[in-house]
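Two complexes, one shared chain (chain A), two partners (chain B, chain C).
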Partner chain A sequence: MAVSRTVSEARVNKNTNWLNAEGAWLWYLGLIALTWLALSSFMDAGLAWTYVHLFHGAVTFYLMHWTKGSPIAEDQGVWDSHTFWEQLDDEEQGTRNRKFFAVVPLVLFLLATHGSDFRQQPLLLNLVVVVVLLVAKTPAMHGVRLFGINKY
Partner chain B sequence: MALPAWLPHLVAAATLALLPPFAAADAVPSPPSPDISLRLAALGEWLWELWELIAPGGKLHPAGFLEHKGHLVVEALLVLLIAYLVWQPRSSPSKKADERLTEKEIDQLCEEWQPEPLCPEIESFPEVEKPLLATSVLGHHIEVDGEKLLNMVSTDFLGLSTSEHIKDVCRATINKYGVGSCGPRGFYGTVDVHLQLEESISEFMGTQETIIYSYDMATAASVLPAFANAKDVIVCDEAVHYPIQNGCTLSRAKVLKFKHNDMGDLERLLVKVAAEDKKLRKPLNRRFIVVEAIYHNTGELAPLDAIHALAAKHKYRLAVDESLAIGVLGPKGRGACEHFGLPPGGAEIVFASMGNALASAGGFCTGAREVADHQRLAGQGYCFSASQPPYLATSARAALEAVAGDGEGRRQVAKGAAQLRRELGRVAGLEVVGSHERDLLSPVVFLRLKDAPESSVEARRRLSELADWVRRRQRVLITIPISSPIEWRDWGPAIRIVVTARHGEGELRGLAKGLEEGLKELSKKW
Partner chain C sequence: MGSPPRPSYVIAISAYISWTVWFLFGHIRDFIRDVFWASKARKDYAPIRQSYEDFYTRRVFYRLHDCFNRPIASAPSAWVDVLHRTPVNEDKPLELTGDQSKVLNLSSYNYLGFAASDEYCTPRVLDTLDRLGWGACCSRSEAGTTDKHVELEETVAEFLGVEAAITFPMGFATNAFNIPVIVGKGCLIISDSLNHASIVNGSRGSGAKIKVFKHDNMTHLEQILRTSIAEGQPRTRRPWKKILIIVEGIYSMEGEICSNLKTIVALKKKYKAYLFLDEAHSIGAIGETGRGATEHAGVNPRDVDVMMGTFTKSFGSCGGYIGGSKQLIKCIRNHCPAHLHATSMSPPAAEQVISALRLIMNKAGNGRGPQKIRTLRDNSNYVRKRLIDLGLEVLGDFDSPVMPVMIYNPGKLALFSRLCFRDGVAVVMVGFPATTLVNSRTRLCISAAHTKEDLDYALEVIEDVADQLVMRYRPKDHKKERKVRSAASHMMKAKAGG
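The block that comes next holds the complex of A and B.
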């Protein structure tokens, strides 16, 4: 009889473990799709992807890479210096959640640049947004605060 | 490959813009303003040319690049990047690979296993005197081992525990309601007498609302966790007794202790907390200072005027345990807050045991309406314990009326306390704990030996010999409290004497003389 012992896979950080729920990713993609639909009701559908990409970039950067801490009182402030991205999956890198959230801005960038004529939209701005988001999600940037910005 | 036509022009414009002015011109110094405007114009021209290159229509604009399907290259690169991200391995701070034990390893581990003892070996048991058996009601006198002794151990400061009027009230209540209340306050356990008692206490203390607890030791342990939680700070005196220690621990807040009655240390702590928070820029949390009016462990008064001033200055909430001071201190018997002249609401949370001067059982917490109301759901001892038996509620109410009307009793207690402390202070070889002017009012007197031996076991033995001597010769019962290892600190053995309103001048003088004589006689032996 062989005994197999594995490390517990339970995620206890209530601030982030809702992403492991069924349908959480689908809900997220649904939000993006709904935003695109709303925007494309009054502008060119291809151009709407640009605005979706920029808006998504701004919102996710603020929520995932800027705000720190957690609203859960029982954790006694142990996550007070970590952003949402750093708290995700108990600081484990390369998990499915992290891959998903790294791929989404890239896909949006693809859609944004391809969805409209390259002449019509701020290509540079899209590129800057996607580069910033991707750099923020790399494992090397875990816990790094450039120039002391947002340290406390 | 020929150089693009625009390159030399660009370089010339950049050079003109960026080189220092003297290098290009003659040695004739020209006035500064036309020179600077010339450089700015050159810079502007250079920027404009750069823009023309990368703007739509220019040579370097991506449109040109994309006309030749360059965007497919970019998109292919992005797809490759996505694939790379998706195929990254997982890595975590601490992750062991699956370990599989062979049968041999399992057998080996089982053989090697040694059971650990359930509790550690106890090296030495604390020496405790043989307990005395009381065979009468605890009144002014108490019968112990067949002898009638003067009772100086009960904290029945105004002598209400043997009041006939209160006993009549109890009998009437038991006849009406029975003995138990059969439930917690939230589940059929609330009787009208509870509400009446809460109103009476509020009226007596001059506060908005009161909440009753059935067990006095659970009061502090319920009040503090109801208001402080894991992100808050509690600053308390190191001499607080066990219920408050328990409450601090249960609240999960950060607990900082300051040296007993040391206002300098308290201020230092408050300033330190403020400096730390400013440096780390933590979000605002709740802060509390918790003290006792008269300390159960040392019999000293807390300097509430100074503490209140510090709490107001640093914006802390003040919680005071008035257990030993209710009915004893203050012009109306409201306790130490009244005695020190704190403004109404100066101590936001006031809680006390009703087992001392009020001769009942249980505790209460009083203050603003929000303070008491919050505990109806957040006070663990309130929600999850059976409510007070109705006869204790009515007896407490009757005791409150007696306390409110009995100014004489309070004066007698104060007089007796001051007298005993002064007389004992004059006894060579004995040290009365509490050397301030304000401590003269405290009716709980702790005595230590001046030349205490090194070992506390030996000190305890000597003190208990002295207490026995006084018991046998003077017929006065005094004791040495036991401390538990679960408390924060052991304050060392000391004789505890409680002065009540029933003790006369002669009795107190007799006790002081007896202690002096006993000490003299016994120290020859030691």
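The block that comes next holds the complex of A and C.
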């Protein structure tokens, strides 16, 4: 039996532990791919990545870093002040889920910037979105509410 | 080792599609509500419910709430009269239409068939009703203890094979109020990840530190025990005052019997922890003589420090009990608020349990009680085998009267319930958050009161509905097929000390 300093716990937060199940990551990537396909049907495929990146940034920022609380009534509000990102994996940092969700906006940024010529895309906007998302996901920002925005 | 049900990728993706559509439409409707219908909240008051907390109830549950809370008009025995209601209309309450239908009852916890009138129990219950009345009208510590309550506790202790027992009027409250009496701040609770809400409730209310071990995983349990004892309490590193391991006899969402009870008892003796066994579903339902999980696993009941159970499932009554050493029961009697302040159990309900126990222990009824146990086991194994042959993915072990059948896709859940009801079978379906997002299922509860004709009819209806809903998820590849534990192989393992 391997000796480990901290014991891995069984994840019990029903709001977030569905991400550990089969097909959850695949579904997430599938949604992104579907959005890109839908957008490329009427615009340049490379430029479509920019819009996928921006749309993905807006949606994931809202769902993961803005909305607080949990729809699970039996938790009786223990997670009411935590965003989805903060609730993930029982607040443990550096887990597989967190790494995956941090890599996705970065990869989308790379696809967006390389997808079309620098003059045709809103490069600054792409950069701001990816920086905001990545900073929001760092452990240092756990529980931090800048300027008291979204505190309650 | 029981593994959690794993749908194939295709099924999982289809379930996620359902959830995404639901989620999306829910948010769109919320948005329209917030923009177009001005909030009726009182000015300057904080809202009673945060809107996200309520989201699941408003936007998901209310779409299928006609499948829950169906009112019944007869005792819930093998067949039950169910009242019809108007169809779903957003979140408006459903009205009774005045019609009713008699349907086969696969949803009630009626394992030994005591839910209906019984020729031995019912006359005795009516006698007690005449003599002692309906309500005790007082708490146990004041004037609410009658001779029936004393007799009940003695009978329960005798049945379980423990030194003493104490009973409570509510099963959920038994866990919720006794765990805080047994453990407190500075103690450690190691609880199975699939434990019931009452245990979670009691554990949170106790103030003890809670650690959860992966369901039925003895390696993880031992790892947690070793690490916790070595590290001590968080921050202060002081030794734990008490360590309590909490497991259940039958996990009703999985239909699994806790077959590793022998290992858990060995672990608890090795690391000097205490064991709390919640036998809500297993008492009266498994074991040769109905003594529950301890008999099934071959464990001495004196080795389990706290034996908890309920009277709701197998005995056709209500309430719960705790069995253990005389010291433990005396402590609970003096400290538990459910005993000191809650109204005591209704005397006829107590008499129902006493009569049912006497039947099961074969002190009356000429062997009818043990026959019920055998019938239950035969019915359960028969239905389980037939469902497996139908190609449905059934969870749990043989001998367990609870059989969850996987549906996975939440969109099919409501349909399964409605179609079965239309065809004359009442079933219960379970979805998120009682299960994980993709593991929605229906849970069938078999009873000793079901005849073979009833079960064949139920299987016919289920096969028909399963065809319509494309539910035959049982993996056909024998290499991927999860090992279905048969009673024989289990007994051999138990004999070998597994």
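Assume the second predicted complex is superposed on the first by the 145 of 152 C-alpha atoms of A that agree within 3 Å, B and C clash if a C-alpha of one lies under 4 Å from a C-alpha of the other, contacts with A are read in each partner's own complex, and residues count from 1 in each chain.
The working rule: contacts are C-beta pairs under 8 Å (C-beta built on N, C-alpha and C of every residue); 3 or more make two chains touch, one makes a residue touch a chain.
No experiment lies behind these values; they were computed from the predicted model shown.
Chemist: Applying the touch criterion given at the start, work out whether A:94 contacts chain B, chain C, both or neither, answering first, second, both or neither.
Modeler: first
Chemist: For A:12, select first, second, both or neither according to whether it touches chain B, chain C, the two together, or no partner.
Modeler: After superposition on chain A, A:12 lies in contact with chain C alone.
Chemist: Tell me the contact category for A:113 with respect to chain B and chain C: first, second, both or neither.
Modeler: It touches chain B, and chain C stays clear.
Chemist: After superposition on the shared chain, which partner residues are touched by A:103: those of chain B (first), chain C (second), both, or neither?
Modeler: first
Chemist: With both complexes overlaid on chain A, does A:67 touch chain B (first), chain C (second), both or neither?
Modeler: Second partner only, chain C.
Chemist: Answer with first, second, both or neither: which of chain B and chain C does A:26 touch in the superposed model?
Modeler: It touches chain C, and chain B stays clear.
Chemist: Is A:77 in contact with chain B, with chain C, with both, or with neither (first, second, both, neither)?
Modeler: Once the two structures are laid over each other on A, A:77 reaches both partners.
Chemist: Pick out the shared contact residues on chain A: the ones touching chain B in one complex and chain C in the other.
Modeler: Overlap of chain B and chain C footprints on chain A: residues 1, 4, 6-7, 69, 73-74, 77, 80.
Chemist: Which bits of chain A are touching chain C when the two form their complex?
Modeler: 1, 4, 6-7, 9-10, 12, 14, 17-18, 21-24, 26-27, 30-31, 67-74, 77, 80
Chemist: Considering only the defined contacts, which chain A positions touch chain B in the complex?
Modeler: Going by the criterion above, the answer is residues 1-7, 69, 73-74, 76-77, 80, 90-95, 99, 102-103, 106-107, 109-110, 113-114, 118-119, 123, 139, 152.
Chemist: Once bound in the complex, which stretches of chain C touch chain A?
Modeler: For this pair, the touching residues of chain C are 6-7, 9, 12-13, 16, 20, 50, 52-57, 193, 197, 200, 211-215, 219-220, 222-224, 227-228, 432-433, 436-439.
Chemist: Mind listing the chain B positions that touch chain A in their complex?
Modeler: 56, 62-63, 66, 71, 74-75, 78-79, 81-82, 85-86, 88-96, 98-103, 106, 229-231, 252, 280-283
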